[in-house]
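Take this structure first; my questions come after.
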Amino acid sequence: MVPLSYYLVLSAVLFGCGVTGFLLKRNIITIFMSIELMLNAVNLSFVAFAAEWQELRGQVFVFFVMVVAAAEAAVGLAIIIAVYRTRETLNVDRVNLLKL
Amino acid sequence: MLHLAIFLIFAAVCVGGALNLLIQKHPIGSALSLIVVMAALAAEYLLLGAEFVAAIQIIVYAGAIMVLFVFVIMLLNAGEEERSDGSRVATVVGVPSVLALVLLITWTVLRHYTPASASVGTLHGAPKVIGMLLFQDFLLPFEITSILILIAIMGAVVLASKPHTRNANGREN
Amino acid sequence: MNPSTNSMIQHIPQAADYIRILPELVLAGFGMIIMLLDPLLDERRSARTLGLVALLGSLAAFAATVYQSQCPGLAFWNMVKVDGFSVFFHLLILAITVLVILTSYEYMEVQRIRAGEYYGLILFGAVGMVLMSSAMELVLIFIALEISSISTYVLAGFLQHDPKSAESSLKYFLLGSFATAFFLYGVAMMFGATGSTDISVIGARLSGPDLPVLAYLAAALMFVGLGFKVAAAPFHVWTPDVYEGAPSPIVAFMSTAPKAAVFAVLLRVVFEANVPGRFWLIWASAALSMTLGNLGALLQNNIKRLLAYSSIAHAGYLLVAFATAPVSGIPSAMFYTAAYAAMNVGAFAVVSHFGNAGERYVTLDDYAGLGRRSPMLAAVFTVFLLSLIGIPATGGFFAKFYVFSAALKSDLVGLTIIGVINSAVAGYYYLRIIVVMYMKEPHGEIPVTAVPLGVGTVLVVSLVATLYLGILPGPVLDLAQRSVTLLAH
Amino acid sequence: MEPLNHSILTLVTFIPLLGAALLLIFPRRDRDIRWFALLISIAEFVASLYLPVHFRSGQPGFQFEVNLQWITNPNIHYHLGIDGISLWLIVLTTFLTPLCVLISWHSIHERVKEFFILLLVLETAMIGVFMALDLFLFYAFWEATLIPMALLIGIYGHERRVYAAIKFFLFTMVASVFMLAATIWLYAKTGSFDFVDIQHAIQAGTVPGFAAAAPWLFLGFFVAFAVKVPLFPLHTWLPDAHVEAPTAGSVLLAGVLLKMGTYGLMRFNLGLFPEQARANAPWIITLALIGIIYGALVAMVQPNLKKLIAYSSVSHLGFVVLGTFSFTQAGLNGAMYVNLAHGVSTGALFMLAGILHERRHTYEISEYGGLATPMPTYATFFLFIMLASAGLPLLNGFVGEFLVLSGAFQARALYGVLGATGVIWSACYLLWMYQRVFFGKIKNAKNEHVADMSGLEKAALWPTALAALVMGVAPLLWLKAIDPAMHSLLQPFTQMAARVVGR
Amino acid sequence: MTTNLHLWLIPLLPLAGAALNGLLGRRFSRQAVATIALLGSGSAFALAVRVALSLQSLQLPHIERVATWIRSGDFVVNFAFYLDQLSLVMLLVVTGVGFLIHVYSVGYMWEEGGFYRFFSYLNLFMFFMLTLVLANNYLLMFIGWEGVGLASYLLIGFFFLRDSAAAAGKKAFITNRIGDFGFMLALFLMIQHFGSLDFDRVFAGAGQLPVEAAGAGLLTATGILLMVGACGKSAQIPLYVWLPDAMEGPTPVSALIHAATMVTAGVYMVSRSHVIFDKAPTALLVVAIIGTLTAFFAATIGIAQTDIKRVLAYSTVSQLGYMFMACGVAAYASGVFHLMTHAFFKGLLFLGSGSVIHALSGEQDMRNMGGLWKKIPWTFGTMAAGTVAIAGIPPFAGFYSKDEILWQAYSSPYGSKIFWALGLLTAFITSFYMFRLLFLTFFGEYRGKLGSGDHGHAHDAGHGHGHGGIHESPMVMIVPLLILAVLSVIGGKIDAPKFLAPVFHTQAEATAENHQAAGAEERSEHNNTEEQLKYASVAVALLGALLAWLLYLRRPELPQQIADGLGSLYRTVASKYYIDELYNAVLIAPLVGMSRQWLWRGVDQGGIDTVINDSAIGARDVGNIARHMQSGNLRSYAGWLAAGAAVVVGYMLWLGVH
């Protein structure tokens, strides 16, 4: 059997990778993907905890997270398109009209 | 032992995929590595007994959502990432913070669940059981998600559509 | 999940269940009506009709809430709870919605915005927000939060001609999702620590003396997510950019309604779920928010940006209440959200009206001489600004007053002093606007159109509300206090 | 009991506000607006005279009280009442306002309506400050004075008006939040805003944690009032505000607003925290003494007429603080009397300065010289008021100063000695200024045909001159009410002193 | 106290005159103005005479209480009037001389602008002076005290077009204020210790205290502080500097205020407070030293002055010094006696000099006079009488009073031979410079340019219009001169000391009498000495006159030679010992400079405002940094968020573990 902590550590590492991606990637789409990675990491924790507590709510929660992720993806990609349309770039460093 | 070995293999794939996502210069590369991560995660879910979750992970996540990503990448003809340096804060402040964060969470988790003390078994999350739960206890959230999706569709329509220009008379061009 | 004997009845929602989500239903229903009407109407005239429908919808929801308040209790298997607390926030959010719709009523014409989606998103977003205040289950909270967030993400990007609007939307979206991930991680940890996502169960499990470290981790991560949503330092960085780029009525909306909703969640989580370790965390966050918000605002020339910084500061004042004893803290926080909503919606209504087509006139210089050109508008704006400063006889004063007196009752002298000094510093930048309006000569011809009916109504209502809360704050506070007895057992 | 006794305070407080509201819907006919404002302010003055007429001097406690529950939570009462401390300050306010209307008759020609609305709103707020017995109500009125005043300075002032308005607003605002914090603390611990209740609670020792908090509470109130007074070194807003303010603004600023500070010191710092007041008196008195001397010396070298008067206010108000913190009957009576006298004479000085500015559009003393020739009446008025300000016996300034100094002397001889040097300084700066402005031959050709005072201006200044004289000759009219009030204010101090002696 | 004298009317009548003239005088004719003013002062004089006549029926001191002025706690000040021999003497002098000078002024000022203003001020002065004299308490006295200062300020600056006049007025007022400062402190001491300022209560209180030995005590301090006040008002060292400048005022003013009445207020006040001084020998000593020094010092300056009024001014200072010398040796009655005679002859001299100036159309420099006795014989005659009187040559008034003082200085238990010697020396100098004045003005050849036509008017601006040549003054001016001349001649026969004795008949006097009664031998010895001293003083007076005659009539070239021979010493004296310059350099300039550079520019603008502005700028700078967190870059924002999250998580975990 695999200890619960292993799953959680894996989850933490994946979450960290996601955050790092958000911080370091320049392409808006990749940044958005990093968010998806973070959500996936969270989902792993949910499933692992669900197994630990023998509580299906955890898995149900994952279901909802996925729905939300899908909705976010739709909106997010639309926003990215809108930004691309006005700014002609996907580099996040160049999207800085608003500052100070 | 077998469980552990499978876990470790897929965990390695996960982490490798995640790192590859970071390393890849082209968004397509990142997208593909994300799909790898998702698939590997589905395996981990199965390992934990969450069949239904594993299934929709592949179908919805890796299948639908990621296809959308790839589609947009193609649509916008996104090229290789520029190596612009717009933010020192992200590297100087952000990355160490992330490291600290991960270490802190890991430390907490390991402190809370020593590897020896708690090994999880499985929780059989069959579609039927999940379905029962969704349509009884979670009926309201389930129904509310419809609004969420509606909003998402509306938003996508509004934002992705061509700007809606009218001249001064209010007549559409 | 108490196994029940008469399970059939248990598994079919009763009439009371529907009453307890009646406002949400009404809102969603009207949202759908708008969606249906939109393609049927002539595009040129649709805005007004749809606006009216949206107005009716939010008013109906308001009425529904009043009706709903007659039958408090849990619904949908402990998913939602109607109590004084939720009713208070329902009424508040719906009132804001009404005002925002009114503000937008003429704005739509000027800015050439697609009305159907606009009103629909506002109504649907409001569903999420009101639901947050009554949700008792983290799953539902999460979904409601996402509904409100996603609708505001989209609304922020509604000015399609304006690259700033798109950028605002993008920043809001990406950072918002980023924060959501943290929140979600926190929820996962909370689930791990307590084995439940039901707030009352969590509360019960966390009431013991020996708390798992995991609960602390969970609280921290959840606070990151929620702190972001209310623009509390150090998670406030997005606010100025997003507020500057978004359409003014929407800024009015998202600086008040979702914030109120998230504060409601925070209140539930902090006080009902007995989340541990809040004191110094909130203390520091409150102090930092006030200070950073006010200092940042000192140098702003863009009114929207200035008000964004001010909203950070106000989140700070509000957070002070969370560090206090619940008995006085919760009502003061609730009062604060209400007062802040009144004055901020009013202020943004002025900004929105004055900004004119394409929101051209939003800098301080544009406001020069407004006191002469449009005395009533300037006078009303002055009242809102004075209220934001916290001058007596305005709602802003009592808001701060209750918060600080709650803080002093809990012997938070240090935080109170920081807050009090901050509110004095804040006087400067609000005053600058007043000074510019009354004491500077205008620079060029800036058209001042007559205040139309919609904005006029909003101004009158928020003015009356601001003054009412400043002169007779008792009833609202009593309302808030009565709900506390339910919340903080 | 007179029939009006219960409603008179409300009436006096809100007549100007009512007037302002009526002005709001008035058509923009400047002449009518002026007359209406004058009418209202005179009616207000007449109404306020009811108070001294029916005031019972010997009676302890507050009179004409109204106490209605306003807000239940927090426990705020609409509690008004006056005693000998506030009585005359109210009348001073209502006395000066009609004069302000008169003096602004021609000098304000743009946005006339707004001007008089602001003036009347300001009057209500000022009166409210002196009447409020509920700490919250007090704070509300206190802050309410800020806005109209800042607007008066900022809209109708001179070149650097915006800077001055902001400086004025921020100084006062920043300082008053400390008072607010202290007020909230008191409320949090006593559950009441009522001055009388809190005073009783403090005296009875039933306020939890009071001993530890008292120094800070005292300071909180003190800072707010000290800025307003203004006490050295917090005075720098005053010259700027005065120089830039329109005449009416300066008159009310010097005449009444500064008095709010000294009133607050008496009412709250002494009334609520006698022990702290006693403990802190030495350094406060030191600051007051520095203010007296410093203000006078700096006034002496001012090249600007209004700044000179402003710094002279710093000096005069130093006397008030000195008297207040001498904790002697004479000192307190004198402090109150200096308050009143300074209100009349400095108000009049500002009016006079304004008259000059109206003609020549400058306050620079070097621009003038020899004005006594073209403007004999003006010179005479100026002389008279100046002498009143310099504390010439039989004019209003003397009585107060003398009492303050004798009180200070009783408290500690050194205080009296240093304070009394102020008598010399005030003669120095006033006489020098008078010499430079009025005496000698006309050096600046522009001054040759400056018009003397008009009937309207005389009408504004005659009352102040008469008041200055009557106050100097018959101070009893005022002291009759002030003396008992100060006596009861001093009660805790005499008890403390007795305890010290007893030990 | 059955008789009601209505003492309050005495000061009030002039006040009414002042008010009437001041408010409405501009519309009155000169005749009307003059009538009102004369009525005001004349009726006061008449009332004073009535009071004097009804003296027999009065029980002195007679106190009339009119109203309460101030009541603060137990401290009460009344408008109340106090009449005893001392105030009666003062009352008669003030109203009498005052009325005469009013009459004189009508002629003198007839041509001047601001006629109504002048008489209004003059009447106002009378009001304050009479208040001072009649006051029943120190505070009421202080009203008069400050009020006469005000009137003096107004009258000195009467010709306000002249900068020097305006400056002189200001200087007078401010210097007086310095004195008043001391006076006020004395009042505070009295309030503190006696709880009242009423004469009877203060004196009763002071009377019960023991005589203070050398060194400080309450009464000593009070006495010295009162003396500071007196120094200001009566132009004693070190506050005398204003009086010579005060000659900028019209000459009748100099006569009335700066010679006859106001400046003697200090003497009156010290005499009035004799109870206090009697118990404080140290204070008495201070008074005596100041008086003696001033008498001598001012006299020396008087030698070298060329302005006729300035000579008289320094003479006044010097004579006032005599009076203080008398007070300082507890011979108050002698002081008051001299005060009275001085009022006669110095008033006369000033009026005479005014007449001279009038005749010369404004000329004041004695070097431009000479040989006038033929042209203005009345003036000459009366002035000669005054000169003889002040020089102390019997049987003129000055002799009696001055001799009395010198004798007292010599013999009083508080006296000293040094005082006497200096006094005698001063008498010599006085005689010298007064005769110098007389000779320079009236004898020898006329050295001026006037006579041919109109002459510029250096002083008394506007004065002299319409006059052609040197001319005698009109009768309205001559008559007062004559009356005063008569008084100067016979004034010494009034035995004021005896009349005043009941007032000062106190412990000090009693001890002095005990001394005298100690032995008849000693008494006769006293009488002997008194005789000898009398001769001495007559001798020095004659010597002074002789010397003046020698230098200014006999050998008119000598003074210049002597002056050249003395060189810098002469220049120092002629420049009044550079005292004005010294005050200016040591006190005024540094004070103004310090106030401007250090206090205003330094502390106010540089210190306080800078601190405040800097903190405001500091806040903005911090705000700027806070603002720069908003770089606009999304990844930076995420960085801050991550950092915040790490901190929050770290803190919470730390909390969870503990």
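When the chains are written out, they are named A, B, C, D and E in that same order, and each has its own residue count from 1.
The criterion applied here is as follows: a contact is a pair of C-beta atoms (placed from the backbone, for glycine too) under 8 Å apart; a residue touches a chain by one contact, two chains touch by 3 or more.
Keep in mind that this is a model prediction, so the values were computed, not measured.
Engineer: Minimal path length between subunit A and subunit D through chains that touch?
Structural biologist: So the least number of steps between the two chains is 2.
Engineer: Mind listing the chains that sit against subunit B and also against subunit E?
Structural biologist: Where subunit B and subunit E share a partner, that partner set is A, C.
Engineer: Of the pairs A-C and A-E, which shows more C-beta pairs in contact?
Structural biologist: A-C
Engineer: Whole-Å distance, subunit C centre to subunit E centre, using C-alpha means?
Structural biologist: 79
Engineer: With centres defined as the mean C-alpha position, give me the subunit D-subunit E separation in Å.
Structural biologist: Computed value for the inter-centroid distance: 37 Å.
Engineer: What is the distance, in whole Å, between the centres of subunit C and subunit D, each centre taken as the mean of its C-alpha atoms?
Structural biologist: Each chain's C-alpha centroid was found; their separation is 43 Å.
Engineer: If you average the CA atoms of subunit A and of subunit B, how far apart do the two points sit, in angstrom?
Structural biologist: Spacing between the chain centres: roughly 5 Å.
Engineer: So which bits of subunit C are touching at least two other chains?
Structural biologist: Only 139, 143, 146, 150, 153-154, 157, 160, 169-171, 174, 178, 212-213, 217, 240-241, 425 qualify.
Engineer: Which positions in subunit D touch two or more other chains at once?
Structural biologist: none
Engineer: Residue numbers in subunit B touching 2 or more other chains?
Structural biologist: 86-87, 90-91, 94, 98, 101, 104-105, 108-109, 112, 138, 141, 145, 148, 151-152, 155, 157-159, 163
Engineer: Looking at the whole structure, which two-chain pairs count as touching?
Structural biologist: Touch list across chains, by label: A-B, A-C, A-E, B-C, B-E, C-D, C-E, D-E.
Engineer: Which bits of subunit C are touching subunit D when the two form their complex?
Structural biologist: Interface residues on the subunit C side: 371-372, 375, 386, 389, 391-393, 397, 401-402, 404-405, 408-409, 411, 413, 416-417, 420-421, 423-425, 427-428, 431-432, 435, 438-440, 472-474, 477-478, 481.
Engineer: Spell out the residues on subunit E that touch subunit D in their complex, using ranges where they run on.
Structural biologist: 68-75, 139, 142-143, 145-147, 150, 153, 157, 160-163, 165-167, 169-170, 173-174, 177-178, 180-181, 184-185, 187-189, 191-192, 591-592, 594-596, 599-600, 603-604, 607-609, 612
Engineer: Inside the complex, what are the residues of subunit A that reach subunit B?
Structural biologist: 1-10, 12-21, 23-27, 29-30, 32-34, 36-37, 40, 43-44, 47-48, 50-52, 54-60, 62-64, 66-75, 77-82, 84-85, 90-94, 96
Engineer: Help me check something: in the complex, which residues belonging to subunit E touch subunit C?
Structural biologist: Per the stated touch rule, the residues are 619-620, 622-624, 626-627, 629-630, 632, 634, 636-638, 640-641, 643-645, 647-649, 651-653, 655-657.
Engineer: Write out the stretch or stretches of subunit A touching subunit C in their complex.
Structural biologist: 8, 15, 18-19, 22, 28, 31-32, 35, 38-39, 41-42, 45-46, 48-50, 52-53, 55, 57-58, 60-61, 64-65, 68, 71-72, 75-76, 79-80, 82-83, 85-87, 95-99
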